[in-house]
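This is the structure I have questions about; it appears just below.
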Amino acid sequence: MVAVLVDNNYGKTGVRLLRVKRFPDRHELDDWSVDVSACGDFEDTYTHGDNRNVLPTDSMRNRIYAMARGHGGESMEQFGLRLLRQFLDDHQQIMHLTINLSGVLWEHIEAAEKSHGTAFCRKTGERRLARVSGTREQVSIASGIEGLAVLKTSDSRFEGFLRDDYTTLEDASSRILSTEIHALWSYLNTEIDFDSCWQQARVLLLERFATHQSASLQQTLHVLGSAVLEQNDAIGEILLSLPNRHCLLIDLSPFGLENDGEIFVPTETPSGLIEARLKRG
Amino acid sequence: MVAVLVDNNYGKTGVRLLRVKRFPDRHELDDWSVDVSACGDFEDTYTHGDNRNVLPTDSMRNRIYAMARGHGGESMEQFGLRLLRQFLDDHQQIMHLTINLSGVLWEHIEAAEKSHGTAFCRKTGERRLARVSGTREQVSIASGIEGLAVLKTSDSRFEGFLRDDYTTLEDASSRILSTEIHALWSYLNTEIDFDSCWQQARVLLLERFATHQSASLQQTLHVLGSAVLEQNDAIGEILLSLPNRHCLLIDLSPFGLENDGEIFVPTETPSGLIEARLKRG
Amino acid sequence: MVAVLVDNNYGKTGVRLLRVKRFPDRHELDDWSVDVSACGDFEDTYTHGDNRNVLPTDSMRNRIYAMARGHGGESMEQFGLRLLRQFLDDHQQIMHLTINLSGVLWEHIEAAEKSHGTAFCRKTGERRLARVSGTREQVSIASGIEGLAVLKTSDSRFEGFLRDDYTTLEDASSRILSTEIHALWSYLNTEIDFDSCWQQARVLLLERFATHQSASLQQTLHVLGSAVLEQNDAIGEILLSLPNRHCLLIDLSPFGLENDGEIFVPTETPSGLIEARLKRG
Amino acid sequence: MVAVLVDNNYGKTGVRLLRVKRFPDRHELDDWSVDVSACGDFEDTYTHGDNRNVLPTDSMRNRIYAMARGHGGESMEQFGLRLLRQFLDDHQQIMHLTINLSGVLWEHIEAAEKSHGTAFCRKTGERRLARVSGTREQVSIASGIEGLAVLKTSDSRFEGFLRDDYTTLEDASSRILSTEIHALWSYLNTEIDFDSCWQQARVLLLERFATHQSASLQQTLHVLGSAVLEQNDAIGEILLSLPNRHCLLIDLSPFGLENDGEIFVPTETPSGLIEARLKRG
């Protein structure tokens, strides 16, 4: 028997990068973590320890830092695209490359009722995502968000579901809906104002989560995904992954108390998980 | 030889509590984690397995939930104080109690340019802290904040320090200063508007971090702590714990590039750690 | 524009389960976390909030607990298979199901030089994995391991690699090789003694990691994967994912000291990442 | 008002250190994380930004690495003691120093039925702890363990406890007892074979946990602590901190099933927490 190498990839993960953009009146920050993963002609190192085609992942990291310099105006997606093209130009042994970026968001501190130019406070716990992947012929770009924790205390129900021998859950005409939005949407082309698209999508996701009447977290997912596709013609597809972070109403009757939707235990595990991919029809 | 029990405490940690306060026009959330720890007459369970004085920690948790009901107007500190007093009233075997509360902050989602009444988004990664501890005779209350990540790209230097045989660091006339503020301040009395005090302290910590000229993180700590003491006469003492999250300038000269304060690696470990306690003079 | 639902799945994640198997002379433990994810006829809940086909994830959890009872002799894989088949028997709306199991390993405590029958200590940090997925017609079973941290201080080199403009790494004729083995192998049939196969694979992965001469982590991966395929005819394919946890030799020359392979900084990020899939040829 | 600096300390945390000890027939590893914290004459940097007494934490880190070299035979405690003494010798401005060490344990991989000399697998998830602290006049040394997860399925009960209005827990004549041992014991002198003391204490903690009849986790704590004090005359005091990781029996009666101590949910939060300090009588 000989083991056959079906597919393989290698690269560097977790390259942390803080870029300070020093404008005359203020500074701005990019605070990113970058992953690079390459597919290509690497079989010989697996089978014979022949490294002649293997660019060290250390060199990948160095390239990320060197290429970040002097391009403070670009978005995560543009940086990823530039990086991908340069990698593929310089390295014929690489056939396909994936670059994942994840960004922490900082905002200027308010001091004396105005935004301070060079001092920052980390924003909400969410991260901005970008993914650029492709070959010399074709590239796809996706943007996203993860860890955007949202919760609504009205306009959410879960009723009329299927019951089996293991069902003890009762219909809920009103329940807390708590999730962390994880979304990744892909663009139909590469000539996009990625920063403003991302901001618009974020605002929309929050708005629709707030305003719609939810009959299930699945329906909520569909409302969110459809809205993003409707808002922006340049988006072809969106993947949403929504954990259902259950908030359990506590039974206070042993203590002679009612609990009419006031006191809950928010739980981490187990959670529901709803995932779907929507595309432009 | 007989082992002597020097001191002991027991309790419940990580009691998760979500309280929905349903006002006519909007809802508000308390999202807390509560720890209770009791000292008292418990030696017999240690030495003889005699549990007659041991209130189960399960009962402590139940009490937390039951007491949370119907008191939506109160602050973390007030809840802790009420809980402490009721515990001590009901349980003579408890001599001293400590209650630690840690809160996640949610804000109303903006939808159609106004704040939505019943939909929420989690705010910055920081947590609000409260600690109530004491006996039947004396109680102390502290408030605080943890995980408030801040960073400044100017007005920070570190020069003129002591050098020894292991010193390779050079004077920095300008450096990035990045930390996570962890503060705990104690009040001189219990009749306080805790929510507004906390908000004011938070705003002040951010403002002073932004505006002062830092010659060392120690000096920054002193500026922050002094400001909180000056702002509020009811605060007697403040403890600050500030990690120095080093951002290392990357040497791009091997690639023929300058790097004049643009590209950094933010590091998690190792970090500096500066801690001090300041009191009203 | 109408958004089209391309694909979707839903289920429960993180169902924690501790099963105590009470044999006459000793107890044994299963300590598992179970995820269930279903694909099927669920479009109506997404598009219209019609939940008639939606079995609550709460019922999925209940089923996991109920079905775990009374089957202490079975492996993770057998439990997953039984669960999958019963789900598909009971629920025509489900077309495809994936069940992921992850187990913590406990071993009996040694007391008075023999294994104590009912007291346990958690073993190494690794977790045992199982994945059962499929339809009414076809099922596939995979087993694996994650978080198995290994390190070798000899017999590892990295030389003769490709160099580009960003390469500063030098050839290493000897380096520390540190990784966490993450492996998932799939079986060609379902009639397997899964527990002993898993134990044999684990022993083999450790042995080969220890004994082979590594010219690259890629080659190490190939050695590990080939060995598992060679050992067990019932295994058709193996996926390995190996982070390269770099251990950096510290330059002590500023302090007048040599450092000949003695003092290193182990790093978490960034790390290399090598992934490949091998199949029986 | 002038803010008064009550007390302060500063130092470096999370200095990661891997030391390879290359013996002729085998290698051994020290894999440590080191924290250093200094108290002393540092007020001027807080109040005036005058850094003349401030040794950079970067120099502290360098010293740790430089001093680790060439001392492969020593224990964590001995390294800490040597480091403390050298710091205090070189730096008159430091009055008191605390050095905390935390070690990951590796064991040699078994290959071909014998221990391989240069390949390692990480052991159980626990960490070994050491703390050395003191002044030029007096030093104290403590050793410990954290994260040692243990669980027993028999010989544990919790009965006859105090009941109040919030008690719903029922007497348990048999329950699962699950905890993570966190222990820190201090020595009466500094001339100790720390490695073998630690090994003996670890074995004893496991043995006693396994064999004793537990009427409460408090009693278990007392049994463990007393045993360590009895075993080793050089130990003066021991602090134990034991979370009670509740394993909840699942009610399967809605599904027509009994559950006689077989299926449990292990929980992370909330947990009980039992802490006590025992000293030699």
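Every chain is named by a letter (A, B, C and D) in the order it is written, and numbering of its residues begins at 1.
One rule holds in what follows: contacts are C-beta pairs under 8 Å (C-beta built on N, C-alpha and C of every residue); 3 or more make two chains touch, one makes a residue touch a chain.
These figures come from a predicted structure and were not determined experimentally.
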| chain D and chain C - chains in contact with each | A, B
| task | Spell out the chains that contact chain A while also contacting chain B. | result | C, D
| request: Taking each chain's centre as the mean of its C-alpha atoms, give the chain farthest from chain C. | output: B
| remark: So, in whole Å, the Cα centroid of chain A is separated from that of chain C by 24
| Separation of mean Cα positions, chain D and chain A [Å, integer] | 37
| query | Which residues does chain C have that touch at least 2 chains other than itself? | reply | 16, 62, 66, 165-166, 168, 254-255, 268-269
| request: Spell out the residues on chain A that touch chain C in their complex, using ranges where they run on. | output: 1-16, 33, 35, 37, 42, 45-63, 66, 90-91, 93, 158-169, 214-216, 218-219, 221-222, 225-226, 229-230, 237, 243-244, 268-281
| request: In the complex, go through chain D and note every residue touching chain C. | output: 16-22, 27, 29, 31, 62, 65-66, 68-70, 72, 106, 109-112, 116, 118-125, 148-155, 176, 203, 206-207, 209-211, 247, 250, 252, 254-255, 257, 259, 261-267
| task | Under the touch definition given earlier, write down the residues of chain D that touch chain A in their complex. | result | 165-166, 168, 254-255, 268-269
